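In what comes next, subunit A is part of two complexes: it sits with subunit B in the first one and with subunit C in the second one.
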Partner chain A sequence: MQLAVNIAVLASIYALIACGYVLIYRVSRVLNLAHGELMMLAAYLLLTTASSFAGHPLFAISAAIGLSILVGAMVYLFLMRKMTGEMALAAVLATVALGVLLRGITVIVWSAQQQYPATALGLVNPSIALPGGARISLCGALLVACTAVAYGSLLAFLRFGRWGVRMRAAGQSPLLAAQRGINLHAIYAIAWSLSTFTGAMAGMLIALDSGLGQTMTIIGLKAFPAALVGGLDSLAGALAGSLIVAAAEVLLIHYVDPLLSEVVPFLVLIAMLVVRPWGLFGTREELDRV
Partner chain B sequence: MSRLPRASGHFRTSYAQDFRLIQTPLERRWLAALLVALLTFPFIASPFLTDLASQALLAMVGAMALMLLTGFAGQVSLGHAGLLAAGAFTAGILFRETGAPFWMTLPAAALVGAFLGVVFGLPSLRLRGLYLAVSTLALHFLVAYVGGEYESKRGFSTGIVIDPPVIAGKAVTDPRAWYFILLTAAVLTLLVCLNLLRSRSGRAWAAIRANETVAEALGIGVAANKLLAFVISSMLTSLAGALFAYYRGFVSVEAFSLFLSIQYVAMIIIGGMGSVLGAILGAVFVTLFPYLIEAVMQLLPGAGAYAGVMFAVNYAAFGVVMILFLVLEPQGLVGIWRRVQTYFLLWPFKHKPVAGARR
Partner chain C sequence: MLRKLAAAILAATALSAPAAAQDAYTIGLTGALTGAPASTYAPAVQALRIYVERVNAAGGINGRKINLILQDDSAEPGKAAANAKKLITQDGVILMLNASLSSTYAPMLAEAKRAGVPVLFASSVCPKDVYPPADPLQFCTTAFAANYDSRAVLDFIKATAKEPVKIGFSAMAIPISRGEIDFAEELSKTMGMTPVDKEVIPPPTPDYTPFATKIKDAGANWAYSWAPWVTQVRTLEALRRLDWKGDYIAWSHIEAEGELARLKDDRFYVIGANALFQDGLPIHKEIADAAKAANVQYPVQQMAEGWIAGMVIEAALKATGWPATSEKLAAAMSNLKVDTKGLRGGPIEWTKNNHFRTRQYYRVYKWDAAKISIVRIKDWTAFDVK
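== the complex of A and B ==
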């Protein structure tokens, strides 16, 4: 039972992060390898807002979320916009460089020590007993809830929202979309903000749950296989992929070797690339486009 | 290999002439001067500078190997650190477990590298671009995991210590001796790369990079040549890793993080894609960069506050430089160099004549 809960929590962590990868990839065909770093930056921003708005945790959290949305838009405006039209690989390397830069900045500003935003906010993280003898931390439960809400609203937004439809159009054919009067730069900026937003939620909740340090970038990177296993251009796929990766990780750690934690998602990734490189729900012609 | 047209006077009238590595007497003289400079360098420079030069030479081997794969064959790899780690660990493990001398561990490292080259290369038969990059990234983590597992299971949790190699009955510890060993390695790698590139496989890689379908139609074995590129590149990288292990006297999985892969990719980007000279320049740049930043930081007032987070300052500056190169100068240092060259070649004119102009 505890294992199932662990899987659910880990899967929702991965899913919440993976939808950031999927959003950006689906809309602009860019693989954002700085997603983990952006997520970490958001969590550090929470640390700062927590100290400036001491005693108002909700206010601090929303301020940090607002800031990270701004960061996402700025990343597009000042960096990725310059990379449009370049080789897909150049854009990926630009995000890698951005990640290195952000890692440096976070250490310079907030130091490399493990920090605990939960104590700075004055929040407690009680453990809740579930039926069946399992336990889940409050933040873990929140994570699952947030992921469910995020996916629900994202799917609805992409399906029914005016800008959501535009985003899908831009992802399918940027040229035609632009000719129909869709503002591609605005679309891409929104995709980056949305992806940073979901990443920020994941980053903050993880930081509230288990503290904040440079290792968070690894969690971000480990969520990437989840996105790819499901298919890089499919949101529903990301959910399925996260479940598979999380289940594999939790079970292998429990039954085989705890050290495997770092490597299991990548093993799943390799297996998927061998069997079905475009992912469970991805479109097949994606492969030739990149 | 495509050569830039000469300013004047030097015409190549046969293929043999076109393929020659050293084309003009002037080039020969410059090369001789460079060689003399490289050979006398450790006797003039301080041990610190010699060590820096050795690091740069070591980086060159890896960078040229990656350039061969990414810059010429067009196969992206983000798992370079994994291959370096494989070479280093092969040398380390063989030394620890069997006490093998370095003339046995180096070929063993090359063999392991060749094997891993096949493993890293197999996805390339099916995947391209981004997906290939991702698969090499995943393999990097796999290799790092195996190395870490060995370290912890055998009780070398802090790392494997390797004795310096013994050549002619003497242990090599002198920085100068190391400089010459690494110089030899770098020059040999350079020759291997240049000769490969002007051979049949080099031309095959250029064709594959340009267009796989056309290459296949021209009768080039795409799969075999891709794998060959991976195997040769991985062998060279693995050798560089083994040399690195001996040079440091120490192997630990921490040294081969993802950041190292990023650094190598940065080398070939900053240097300039598709140019062996670019790999060399990029390797020098990236190796010297942290020291440069440190020197600059010491000149700035109030730098003392950052002494504790120097590595983070390095990270940030490195990210900025990489972004600047990607955005402003995608051709890299070689692009700058060529532009300067063209400026002087064309002087006093600004532009090339339109007719017969070739780029």
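== the complex of A and C ==
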């Protein structure tokens, strides 16, 4: 039972991060390699709002989420918008540069030391007993719940929401979408905001669970194979990919060798690229674009 | 926030400026001031910088100031090599310092050896070349010591455990940590303990619970971790979330004092070579005052390691005299004894053959729930370094 819980928590971490990659790629065909840094920035913003709203954790969390959404929109408006019409590689390199910049800024502003937003917020993270003798931390349980809610909401938004349908249209054919009067810049800005929002949730919950440091950016990158395994333009694929990668990781740690956890995501990715290069639920035509 | 940003940019600009004066002792450091492992090294570098500023403000050494040049390598070997080249060829340093991951050593040492410049490892792990028989150009002030640390830990567990010891180990998947835990595992067998599990955890990992689950399921009643702080403490926290009730001991890195107070875990021990600030020594007050005056970014409890490096550099330069060359400095460092004023259990003593220290001392601390404070569990225990 504990193994199942471990898989669920790890899959939720990967899924919540991976959907950020998918949202941006699906809409704008850009691989956001600064996603881990944006996730980390959100966690640091929580640290700042925690001191501004001492004793009011809900305000602090809400403010940090709001700021993260704003950051996402600003990244698009002031950086990625300039990349419109350029080669996809130029846009990807711009996100790499953004990541380097954010890493430097976070060290300068918040220092390199380990931080604990939960302590700053006065929150405790108790262990919850589950049936079968398993246990989960409160933040771990929240991660699972937030992932479920985020994916449910995003899938519904893209399927039924007016702006969600427009996002899908912009993703399928920006030219036709623009000709139909869809404001592409607004769509892209929303995609960046939503992506940063889900990344922020992941970053904040990980930081609340186990602390915050510069290593979070690498955790952001570890979720990338999950997105690729599922198919880079599919939200359902990101969920499935995360589950597969997390299950492989946890089971190999438990039954074979803990060291394998580092390479498992990439082994799964290679296997998928050999068998089905466009991923589990990805669109075959996307391969050329990647 | 903006003020902090501006101050940091100004400080970085000032510190990275080329050696201004030819009549100063010019020394250079390459370190992980940014990047994933920066939390281990940046506070020590900041403490060293404050120490050097204090020495300069007091008139310098032998009437000369110390020109400390800081270069960030983000723990990347390529950057460390470039920094070393720049420090030696452009800045003309007589001493090079390293405060970074061990992966940066080889490229940096290659440059230093070519130029005959001594290298001091300050807060970064001591390489085996500083132990007897020592490399003439390599020196180390860092507290932790491979093999000696695990001997001290297992001695402590043996003396403390009230029932047969079933021990689980946790390491980070880097060579130095794995090597030490492998050594500890073998040593534990010879001391009558039963090693039940060993987790080598890749850095970083988003969730430590799968690793902790194995240690718990293996039936460990003790766990020992010798790894960067993040691996040590997150393994412990994951174990506690799984309702594991055993005793846990880890190396007392610079973060230890603050973390003992944060975790308030009665069965979490830290063993280390530095006295914690809760001991309230006069030198601790001196460091705290200096840190306050310099408005440092990091908690003062993380300053001891860099301060000790500063004390050793000051003593070495004093012994070198003026004019100073790398050769004269290396010779002076090979015959040096520095009183650490209680920050360590004894002096740092270097000989021609031993550039680590002739004796290594350990203390054990933990959180005491009844006293609501950190308490010393075991006072200095010495090991001869041969």
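Assume the second predicted complex is superposed on the first by the 289 of 290 C-alpha atoms of A that agree within 3 Å, B and C clash if a C-alpha of one lies under 4 Å from a C-alpha of the other, contacts with A are read in each partner's own complex, and residues count from 1 in each chain.
Quick note on the criterion: a contact is a pair of C-beta atoms (placed from the backbone, for glycine too) under 8 Å apart; a residue touches a chain by one contact, two chains touch by 3 or more.
A quick note: this is a predicted structure, and the numbers were derived from the prediction, not measured.
Partners subunit B and subunit C, brought together by superposition on subunit A, clash.
Looking at the shared chain after the overlay, A:Leu259 reaches both subunit B and subunit C. In the superposition on chain A, A:Ile182 makes contact with neither subunit B nor subunit C.
Residue contacts after overlaying the shared chain place A:Val96 against subunit B, while subunit C stays out of touching range. Looking at the shared chain after the overlay, A:Thr119 reaches subunit C, while subunit B stays out of its contact range. Once the two complexes are laid over each other on the shared chain, residue contacts for A:Ile219 go to subunit C alone; subunit B is not touched.
When the two complexes are overlaid on their common chain A, residue A:Met74 makes contact with neither subunit B nor subunit C. In the superposition on chain A, A:Ser111 contacts both subunit B and subunit C. Within the superposed three-chain model, A:Ser137 lies in touch with subunit C and out of touch with subunit B [touch as defined at top]. Stretch 294-302 is the one among 24-32, 96-104 or 294-302 where subunit B clashes with subunit C after the superposition on chain A. Shared interface residues of subunit A (contacting subunit B in one complex, subunit C in the other): 103-105, 107-108, 111-112, 259, 262.
For subunit B in complex with subunit A, the touching residues are 76, 123, 126-131, 133-135, 137-139, 141-142, 144-145, 148-149, 152, 258-259, 262, 265-266, 269, 306, 309, 311-320, 322-323, 326-327, 330.
Looking at the complex, you find that subunit A touches subunit B at residues 31, 79, 82-83, 86, 88-90, 92-94, 96-108, 111-112, 221, 224-225, 228, 259-260, 262-263, 266-267, 269-270, 273-274, 277, 287-288, 290. Contacts from subunit C toward subunit A in the complex involve residues 1, 4-5, 8-9, 33-39, 42-43, 173, 199-211, 213-214, 229-230, 233-234, 237-238, 240-243, 255, 262, 297-299, 302. Residues 2-3, 5-6, 9-10, 13-14, 48, 103-105, 107-109, 111-114, 116, 119, 125, 127, 129, 135-137, 140, 206, 210-211, 213-219, 222, 249-250, 253-254, 258-259, 261-262 of subunit A are the ones touching subunit C in the complex.
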